[in-house]
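Shared chain: chain A. Partners: chain B in the first complex, chain C in the second.
Moving on to the complex of A and B:
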C-alpha cells in the first residue's frame, strides 16, 4: 500500500460497546454465597462458585428478575425461552475453566436507549443483553505486574459467580463523547431500576470496538448509517479494561487519534485487542487477531431452558428518568431544566415528589433543584450523603413555607449549617435566633425602647425625625434582627404619636 | 479378593435408624463424600478430599445406611472394564480372570462378592448396566432427572445418572427409593409422584401377566450367539408367566454409538477442564508460566483414555467442526428419542441383551478402544433418550453371566422394577 494523504475530515469514527454490569443481588448467580464485598480473600465461596468436582449451578431468580427489568427498560425483545451456554477457555480466575453465559438465545435482544448528546437526541441500538457469571479476581505480585511477568499471582474467588449482564450495542457511536453520554445514561437507568450500584468498585466494565472508516464508504450520506461491508472491511481494535464513562471517553479519544494518525501516515491499522492503561492514559497492544480464541460454545445441560415470557408480565419497573422528566413538566408545571435536574437520580426525584406533595411544587423545586442540589454540589456531596436526613430538609422547607424564617436565612444560614455541622434545622434557628419575632414581642421592644431612651423621645417630639432611626435600631437590637424594620418604624410612630 | 474392589475402604456411619439401617453400601468413587477422598479412579484426584457430601450420600446417611468404601472405577467413568483406573483393575467375582465391566466395576463387584448389600454407581452410557450384567447382579439406570447429580463428578452431564446395584431387584429398588426425588441443588431433578404413594421396592412383585415386551431387532444384530440364546431363554421365562413379546424396530440406533461418543466426549472436554492444579487435585511442580503449568498438570494427572476423550471432545466442539460433529450428534440424539417413543407406543417395555458380549478377559480389550466403544451399542441409546433401564441377570453362557436389559418410558421405573423382579 502506498502512502496516501487523507484529510482528517474524510474519516469517520465508528464505535460499538460491550458493557458488563454487575447486578445487585444478595447472593451469587448460581449459588447461595453472599455478594457482599469483604476484605478477606476467598471468604464468600462454596463448592459451586469454587467449581469443586460434582458441584452444580442453580439459577438465582433475582438475577433473572434484574435482567428482565433491564430488558423492559431498554425496550428489548424478551423471548419465550432463554438458555445458558458454556464458554470454554482456560484462565486462573475461572474456577471451572469455562464460564456459564448465554449464546444464541440471550434473555434480551434488539433493544434501544435514547441518549441526549450535546442537545441532540440519539437512539442507540442494543443488539443483545445476556446474563453470565463473573470470574474471580487476580492479584499479580512482583515482577512486571502482569500475569506473564509477575513473580506469583494470587487468586480470590469472592467475586466469582457475581451476576453480570453483558449489554452489547450496535456500532452506533461516532465519537467518544457519545459513548460517555450513553454510558452515563445507562448507569442512570440501571440505578433507577435498582439493579446496579455505580459506587461499587468494578461494577461497570467496558470493552469498546473502534474502527476508522473513510467517509466515502458511507452509503446514504447519513453519518449514522454505515454499511456492514464498509465496517467489515475496516480493521478494528477492541479496547479492554475501561471502568467508567469518563475513562471510556479518554480511552477512545486516545485510540481514535492513534488510528487516525496511523492512517494519515499511510500505515495499516492492526486488527487487535488493546488494553487501556488508565494511569498512563494510553492503550497498549495485548494480542493480535491470529491469537483470537475459539470458545467452543455449547449448551449448559445443568441448567434447563428457562421460560421467561411470564416474568415479563409479572415484573414491573419503576418510571424511568425520561418519562418522569416529562411528567414533572406536565404535573408540576416545571420547566425542562428544573425537571431534568430533579430527575437526575431516583432519590432526588423521589424526594422532590415528597416535598411537592406537602408544599407548593414551585417552592419545592426551588428548594430541591436549586438550593439543596446547589449546596450539595458546592460541597462535592451527593443526595445519598443525606441518607436519613430527608425529614430535616422537609422541615426546613416547612419553616420557609410557613414564614417562620426568611428564605434568605433558610438558605444562607440554616441549610449550610445543616450540611456543614450536621445540625437539625430547628436547633440552628434557635441557636442563631433566626425565628421571625411575633408582634407582641416587637410591641414590647418598642415600649421598652421608648422608656429607656427619653432623650430620643424628646428629640422626636421636638421635630427631629432622625431620632426615629435611632429608636428603630434599638428595637432591632432587642429583637435580634428578626423584626421587620419598616414595621418597627410604624409601630414606634404609632406609640409616640398615641 | 476384596482388596481390588475399593479404592478407599472406610466406614461412614449413617443415622441410627431409617429404611436402610443395617444395610451396607459401596459408593462409586466419583460420588463426593465429605472427609473421605473421592478419586474418580484418577491420579489427578488421588488425594482430593471433598468438603461436602453428594446429595445421594446425605440421603444414604439419613436413611441409616452404612457406607463401607469407595468403589473402584474406570478413570472418570471412561471405560467399560474398570481397567482404566489409576488404582489398578478389579477382578470379576462372578467370572474369575475376567473384568467386572465398567465403569462402575467396583460397585457391581462389591455386591457380587458380598462386600456390600447394595451399591451406588453412575451410568453415562451403560456404566451401571454393563457391570451389573458382567457381575450377575441387578443395576438400575434411572430416568435423567430422577436422582440428584449434585456431588457426582461430571463426565457427560447431559447423559448421566446415579443409580443402584443390588443382588435382587427389590434391594436395588429400595435403594432407589432413598436416593430419588427433587433436589434443590440439581436444577435438572424432578419430583416424581409414584402411584398410590407406593415405593419402588413395593413394585418388585414379579407380576408380568399381560406385559407387552418389544424386542428391538437392531439390538440383537451382531451379538454373541451364546448371549442371544441366554437372552431368549429369559424372555421365554417371562412369557411363561404371562408376558408376550414381539419384534420392534429402532432404526436410529445404528448411529447411537457415534452420537453418544461425540456428545459424551464434548461434554467431558469441558467438565474436566477444571482440573488445573490451582484449587485441588494433582498440581505439577514443573517450571513455567500458568499455561505451561496447567498443561503439565493435566499431562501428569490424566490417563491415556481420559486424554483421548478430552482431545476428541475438544476437536468436536471446535470452530469449523462443531456443526459437523456436535450438532449432528444432537440431531441424532433427537432422532433416537423419537424412535424410542414410537417403539414404546407399541410395547410396555423394550428388552435386549444388556451387553452384546460376555465379560472380557482381563487385559483383552485395552489395546482397541474402538472395539470397546462398540460394546456399548445396546446401552448408550438409552442415555441419549434420557430413559430408565434396568439390567437383570438372564443366565449364563459358558459359565459367564449374561444380563437382560429392560427399557421403559420416562419415569417408568415402577414398570421396569415390576417386570425385572420376575427374573431376580
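Moving on to the complex of A and C:
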C-alpha cells in the first residue's frame, strides 16, 4: 500500500518539539574552556568538563544573557528565581554521570513564536526553554560502525559543556511542513539575536513527538484545539537524531505516513523512541532493554540560584524579523511580500537598508528582493555567498538608477555574469558593450528604421498604432538592445508626426 | 532494622548505575543502605546556628582560560586511542 492510496482525511497529525540549540559563547557554560571547533579530540577540556572529582562549575554570564535574549524574543516569562538541577544518567558522553540542566524552574517559561505557514500566520506556544550543558561526542568503532555492533567507543569531551538552550514547544504542529517553517523561523530569530550560528555543524538538534489522532475524538471539532484527553489517549513516538529543518520535515513526513499506515491496517502504534536515519530516509525503533527512565533529578548545590528577571529590562535585543518586516512596510512603503523577503535574514535586511538609503526604496526592493534573491535562489546560493561583494551589487543598482544601462541588461546580463563569472559590474558593461547608446546613434537608427520600412510608416499614417511597435523593434535591433524602448517610441512618433 | 530501603530499590539503583549485584549482595546492600540512612539522622542533633546569607547570581565573565594539556587530560584513563578516551561498546 502506498501513502497515496490511504484515506487520511479523518486522521490528524500532532507534533511537539524539543529543540536543542548551541549558544554562541567563547567559553563553555561551566568552565573557561574554549567552545571553538577543533579537529583534535580532547583539546578543550579541563577538570570541570571532564568531571574530575572536586571540580566546581561556575556559570558563564554570556550563556545566561543568551538565554534572556531568547526569552525576550519569544516573549517568555523570566521567573524571579531559577536554578539548576542534576539529571542523573550513566553514559560515557557525560563524564560526571549527570548532566547539569534545569528541571522545574527553567529560565524561560510560557513563550510563543509566530510563524507563517503557506501564507497563514500561526502562533506556536513554547512551554519552556532552559539552559544545560552539551554532552561530549562518542564514536562507535569497529564491527561495521553500527551503534549495537561496535567493538569499542572513543570519547571526545571537546563538546562537553558547550552551552545549550533546550526549547520545548506545545504539541501545536499539525504537519511536518509547519515544523519546518517553525524551525526556519526559530533559526532566523536566534541568528538575529546573535546567539546562534546555523552554519556550525551540530548547532541545532531536534527531538520530535508525533502522534495521530482520529478527528472524531477531537471534542472541540477544531484541529488546533485538541483536548488533553485525546492527546493522552494516542500513542506517540519520539523521533531523535534530527539535525536540520529539512531533515525534520523528511523525518516527520516518514513517521506520519508510517503511523497512519499502521492505524489504517488496524494495528496499534507502539509508544517508543525512534532514530531518524538520515542516509536511509527512515526512522528505526530504538527498542532497548533499558529500564524506564529515572533521572532522579535533584538540585545542583554547586550552583547558587539565579535571579535575573530584571535582566529582561537591562539587556537589549536587536529588532526582530517580524518588527522589521512591519517597519519596512511603513518606512519604505513596501508590500508585505517584499518586506517578508527582505527580512528573511538579517544580512539581506541590512543590505536592503544600505541600498535603500542611497537609491529609491522601490528600486532597491526590486533589486534586492526580486532580482538578487531570485538569481541567488536559482543558483542555490545564499546572500552569505556574496560576502565582500555587496559594493558591486550596490554599484549595479547605481548603474540602473543613473540610467547608464537598461534594467533588462542589468538583470539579465550583468547580474547573472556577476554571479556566474564573479566579474565586477563595470567590467561586464564594458566587455558586453551595454552602456546606453548615445542619443545621436538612437536618432540615426530611428531615421534609418523609417526609411527602410515605408509600409509600416504608411500603416501608422493610416491610423494603425500597432505599427509603431514594429518600428521600435527595428530600432532596438539596430542599437543592440541598448536604447530605452520608451525613448525610442517617443522619438519615432516625433519623427513621424513632424 | 526497619525497611528504610527495600531490596527492590537496591536492585533498581544498581541497574541505573550499571552495577551487577548477586542476591546475597542485594541483602548486604539493603542492610548497609539502611545503616547509612540511619546515620544521617545524627544530623537532627546538630544545633540551630545562624547561617550565611544565601548566594545568588554567582557567574564568571565569558573569558577563555587555559585548558589541560591533552596528555594530562588523558593521563588517568585506563585506555586511550589517538587522543580519545577509549571504552567498551555502549549501546
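The rule we apply is simple: the second predicted complex is superposed on the first by the 378 of 498 C-alpha atoms of A that agree within 3 Å, B and C clash if a C-alpha of one lies under 4 Å from a C-alpha of the other, contacts with A are read in each partner's own complex, and residues count from 1 in each chain.
By our rule, a residue touches a chain if its C-beta (ideal position, glycine included) is under 8 Å from a C-beta of that chain, and two chains touch if they have at least 3 such contacts.
Just so it is clear, the structure is predicted and the values come from calculations on it, not from any experiment.
With both structures placed on the common chain, the touch criterion links A:47 to chain B and to chain C. After overlaying the two complexes on the shared chain, residue contacts for A:34 are found with chain C alone; chain B is out of touch. Set against each other, chain B and chain C differ in how many residues of chain A they touch, and the higher count belongs to C.
Judged by the touch definition given at the top, the superposed model places A:88 against both chain B and chain C.
Contacts of A:294 after superposition: both chain B and chain C are touched.
Contacts of A:308 after superposition on the shared chain: chain C is touched, whereas chain B is not. Judged by the touch definition given at the top, the superposed model places A:253 against neither chain B nor chain C. In the superposed model, A:61 makes contact with chain C only, not with chain B. Contacts of A:98 after superposition: chain B is touched, whereas chain C is not reached.
Once the two complexes are overlaid on the shared chain, A:153 sits against chain B and chain C alike. Of the residues of chain A, those at positions 47, 50, 58-59, 88, 90, 92, 147-148, 153, 155, 294, 296, 303-304 touch chain B in one of the two structures and chain C in the other.
Interface of chain A with chain B (complex): residues 47, 50-59, 86, 88, 90, 92, 95-98, 147-148, 153, 155, 294, 296, 298-299, 301-304. In the complex of the two chains, the chain B residues touching chain A come out as 30-32, 38, 40, 45, 48, 50-52, 54, 149-154, 157-158, 184-188, 266-267, 269-270, 273-276, 278-280, 289-291, 294, 314, 317-319, 322, 326.
Taken together, the chain C residues at the contact with chain A in this complex read 12, 15-18, 54-68, 70, 73-74, 81-91. If you check the complex, the residues on chain A that touch chain C are 25-27, 31-34, 40-47, 50, 58-64, 81, 88-92, 138-140, 143, 147-148, 150-157, 288, 291, 294, 296, 303-308.
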